[in-house]
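One chain, subunit A, links the two complexes that follow: it is found with subunit B in the first and with subunit C in the second.
And now, the complex of A and B:
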């Protein structure tokens, strides 16, 4: 088990390193470009040369990369070009806001998807199963950028029930979270539901469930005590991997509702070509994605005794 | 049974085989609904010039909101006098006989262009770029997957690692960075989609090939001394087509979403040509006073994606049933 965990973490670090090299090459390969972005298009050639010399950009590329990497692992990504402050000062509060949004979404998605998935998978091919399947196909077909305006039109324009933006200008306001969370939940729960259903349906065909039913156990007991334990292993992985998708959805939702989070920040940075901010955001995003993948693998192995003891 | 059906169809003209394959869809109600939705939009795209009542780029100044809503506070645009101003403008227009109320079925957007016409012409763009991008992704992903799965060894190691690295990005982060770096244009969207989707396709193909490479007909081909490339493309690939067809429907839906998202984020096909995601983005700030500008493109894109997803589901159902 320990060796497996170490190997998984090793793979994770290797991926991060390769991603960082790619990002560095993409954004900082030409020093002249960096200087123009940082000092602005109207800076003189001399100014740029002085800045490049000062920041050590005239050194060879591998040396520059290693220096950048050394600082990056300590959390120093340089200064944001747009905000004129160290990247970390902008990044961490935004990431916190997104964590709130993500946690609220997950808090709805997980119970909802598991219950629907188990209900659908319990009796494969039943009316409940088919309606839940079709429902999940429909909701996953409506992308976030389409459901957001539609829900906004309904709840804000016609019903005037909810605030239309989530900029949190007057301090943190949970009511402003409702619409963004609703949009994310609608798009994300379908996939988890379908995976839970598939896992549940598979377990229901196994011999030990048939035995449990035949020896006269109450159906409720068979589901709760016997089936669920095994059926919920696969959804755990799916939920962890879903965090990767959530990071994509968050960009759309935060942009639409003007929520000051990580997704909005990375979009803003990319549009403004805020090099150091893009690098920091991308590294954080990839870290979250890779770490959840590793956790999903490790957790799956831990939860599944058939793998753990083999 | 699926294999038998397909075997029975072999030897007939290709067009007939395709038609009979489509006819299999009849067995799945969900698949039929999906096919109908997709077909509807394909017809709309093909006959756009006949169906669209107006030029999608023509603006009716009278209907454009006074001032730029990006500058004005949208909440105030419709307060008291502003509402009257808008009404007065519309009335003047009516008196001049420029249009009547029934002219714009879905209303006009914030610069006074007909939403319906833009929607109809927007179909052409979505249905041009999405299949093109998906096709390019498969053209890159399939050879990668075949090589990784059939040749194994270092080719597999390298290709798998590269795809793992690309797939470790949250997908939209990857798109945003690529498009922001290389610029927004139709070609660049195709490039970005190919880059981001090919690794996923490679994984699927690799998985299929790992299963198929141990079949007798592959051994037979190897004994005949056929080249590796011929075995991969002529012996293995045609037998992997079932899951790939289902996957391509799902992926097409996802690529449509991607193109829409990019348009929505202002990174898509350049304006002023109509583009569904772009339409939502352009009128997003008016949504609180005039939701019709954004809701109809939303419905359009959702129904098209739903069509492909239901189609994929129907196809999978049929392939599993037999």
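And now, the complex of A and C:
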């Protein structure tokens, strides 16, 4: 097990190194480009040369990469062009905001999807199964950029019940979280439900469930003791992947509701060609992607004795 | 020698004023133009309104006391992008100037009625030849750091604007105060690199409260130029003390910066010891709601903000439908131009440009892209609301002519032209260009629409051979032509260089008499139109929305925020 964990972590680090090299080559291969982006299009050639010399951009590429990596590991990505402050000063609070949004979404999605998925999967083909399946397919097939304006039109303009934007300027306000969470839940719960349902339905057709039913165990106990434990292994992985999806999937929602999170930041950085901010955001996104992946693998192994003991 | 005329306070008045009175009496100028011009010549706004009232035999049109008694207190929350505001002289757009407008002030102030009034300058006089402008500065104005405002501040600012190292667009605006010099450097072709800088002695400190500007050529629009968004007056030690307004916000205005985070919030608090009348708002908050303007209206609908900076024409119905919200509309000289760089192939071929022009039905684009709210463009960038606007025969869509010109241009088989679009003032830009594309197609001109984010467009706006650039409102026609079409000025994005046009512009800029100026402008407009430098589909109206409780707000044609009289019910 330990070796497996070590191997996963090793793979994780390797992936990040490769991505960081690609990212660095993509954005900083040409120093003149960096200088133009940092100093602006109206800077003179002379100013750019001075800046490049000062920042050590005239050194060979590998050296520049290692220096960049060394700083990046310590969390120093340089100054944001748009925000005029060190990248970390914008990045961490924004990441925190997205974590709040993601946690709130997951807090609704996980219980809702598991309950609905189990209910649907318990009796495949029943009326309950059909209704839940249709509902989850419909909600999942409506993209956020469609559901967000629809929900906004209804709750903000028509009912005047909820705040229209979620910029949290007056401090953290849970009410402002409702609409963005609603949009994300609506989009995401159907998918997790479907995965849970499939897993549950599969478990229900296995021999041990049939045996348990035939030996006369109460149905409730069959589900609780035998089916659930096995059926929830697959949804665990799915849920871990949802965390990764949330990080990039929130761009639309955060933009639409002016929620100052990571998605908003990554969009803003790309639109403004805020080069150091893009690098930092990309590295964070990659880290979250590989970390959740590794955690999913490790967790899956731990939960599934057949893998654990083989 | 003209006899010196004096007004009731004994102040010398410009000799042209009586002639203007005569013209108003005869109906040769309208009331608005009369007010505007006499104010420019140093007559106070109150006196000007009085003169107009006496001549036209009407009561004082100055609005009587507001129906409701203004209340002091409260916070006005405005939805607007919060941008960096390091240096007011290098502002590229209106948002940062609105953030700083309540902290740093201007020498003059152009109101929502297009009339320029005294502000930090108490009054001013122009010499008869319009080449020397003397500004008397207001006394008793204190900077927020306790210093007295004086002539050194003004001299410092003017010199700084006109120093090429500052990189301020003001160098084009005050072109009559700069000279071209050889930098001593050579470009790739070995030609000397020329640079523009302030003419020696163009700004003179007469005494502690008097500043005189010496121009190379007559210029009418000096007072109005002094209220352009990059001309805010910063403290005389601005550069020494870091040169960053957001970190060291010293100003003369009624508010001081309390909190500032780019992309999030800009909070201003009323300060004590403001020189002017008491303002009513305790605080002004600018709240960044991102780039999505539908989010702004949603924030207004749910009372998260009291006002949005502006919204797009396609949101008009939504805004009008929100209960408790007032939609404010201003007729403006705001526009966008599909400008072609006349020194880059294939646009260096005038016949090709004229062929494109012949395809366009301006009014149709106005109807499609802006719901007819505004006026059709005429490809010369002088708006019908400009006083010196000369009416030219309307341009007509003519495909036979277009095809003929295209043939003469050597593109008989058709031509494909990519245009960059940044939607910098909203999605209407793309709508307009889509209509434009369709109008060009029958002649064999294939316009390729290359849409990009607005911030990316501002990186290339003056570099792309063919781009659709938005231009903000300016009160005079000569101002925008000086800024955008005079040879070699920084904002001349089309690289149009026509000495004859420059000469006409010089003359027009020096001509106070509106009718005479209009005759010169007719020639300049025609010249620009015939050279087909720009395709200008339309002039647009500007919209903002405010909550009903916001009182005393008047929308400015350039959506500048003037909150001195704004209060909350």
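FYI, the second predicted complex is superposed on the first by the 310 of 310 C-alpha atoms of A that agree within 3 Å, B and C clash if a C-alpha of one lies under 4 Å from a C-alpha of the other, contacts with A are read in each partner's own complex, and residues count from 1 in each chain.
As a convention for this text, a contact is a pair of C-beta atoms (placed from the backbone, for glycine too) under 8 Å apart; a residue touches a chain by one contact, two chains touch by 3 or more.
Predicted model, so just to flag it, every value in this text is computed and none were measured.
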When subunit B and subunit C are modelled together on subunit A, clash or fit: clash
Touching partner for A:266 - first (subunit B), second (subunit C), both, neither: first
Which superposed partner A:160 touches (first subunit B, second subunit C, both, neither): second
Partner chain(s) touched by A:172 [first = subunit B, second = subunit C, both, neither]: neither
Partner with the higher number of touched subunit A residues, subunit C or subunit B: B
First, second, both or neither for A:293, with subunit B first and subunit C second: first
Subunit B versus subunit C as contact partner of A:83, first or second or both or neither: second
Touching partner for A:149 - first (subunit B), second (subunit C), both, neither: both
Subunit B versus subunit C as contact partner of A:256, first or second or both or neither: both
Segment of subunit B that clashes with subunit C, given the candidates 38-46, 56-64, 128-136 or 308-316: 56-64
Intersection of subunit A interface sets (partners subunit B, subunit C): 149, 152, 156-157, 164, 255-256, 271, 273
Partner subunit C, residues of subunit A touching it in the complex: 41-42, 82-85, 90, 149, 152, 156-157, 160, 162-165, 167, 169, 255-258, 260, 264, 268, 271-273
Subunit C to subunit A touching residues, read off their complex: 84, 86, 167, 246, 261-265, 285, 287-292, 294-302, 304, 318, 321-323, 453-456, 459-460, 463
Subunit A partner contacts - residues on subunit B that touch it in the complex: 30, 161, 164-165, 168-173, 176-177, 179-181, 253, 257, 260-261, 264-267, 277, 280, 284, 287-289, 291, 294-295, 297-299, 301-302, 305-306, 309-310, 313
For the subunit A and subunit B complex, residues of the former touching the latter: 15, 18-19, 22, 26-27, 133-134, 137-138, 140-147, 149-150, 152-153, 156-157, 164, 244-245, 247-249, 251-252, 255-256, 266-267, 270-271, 273, 278, 281-282, 285-286, 288-290, 293
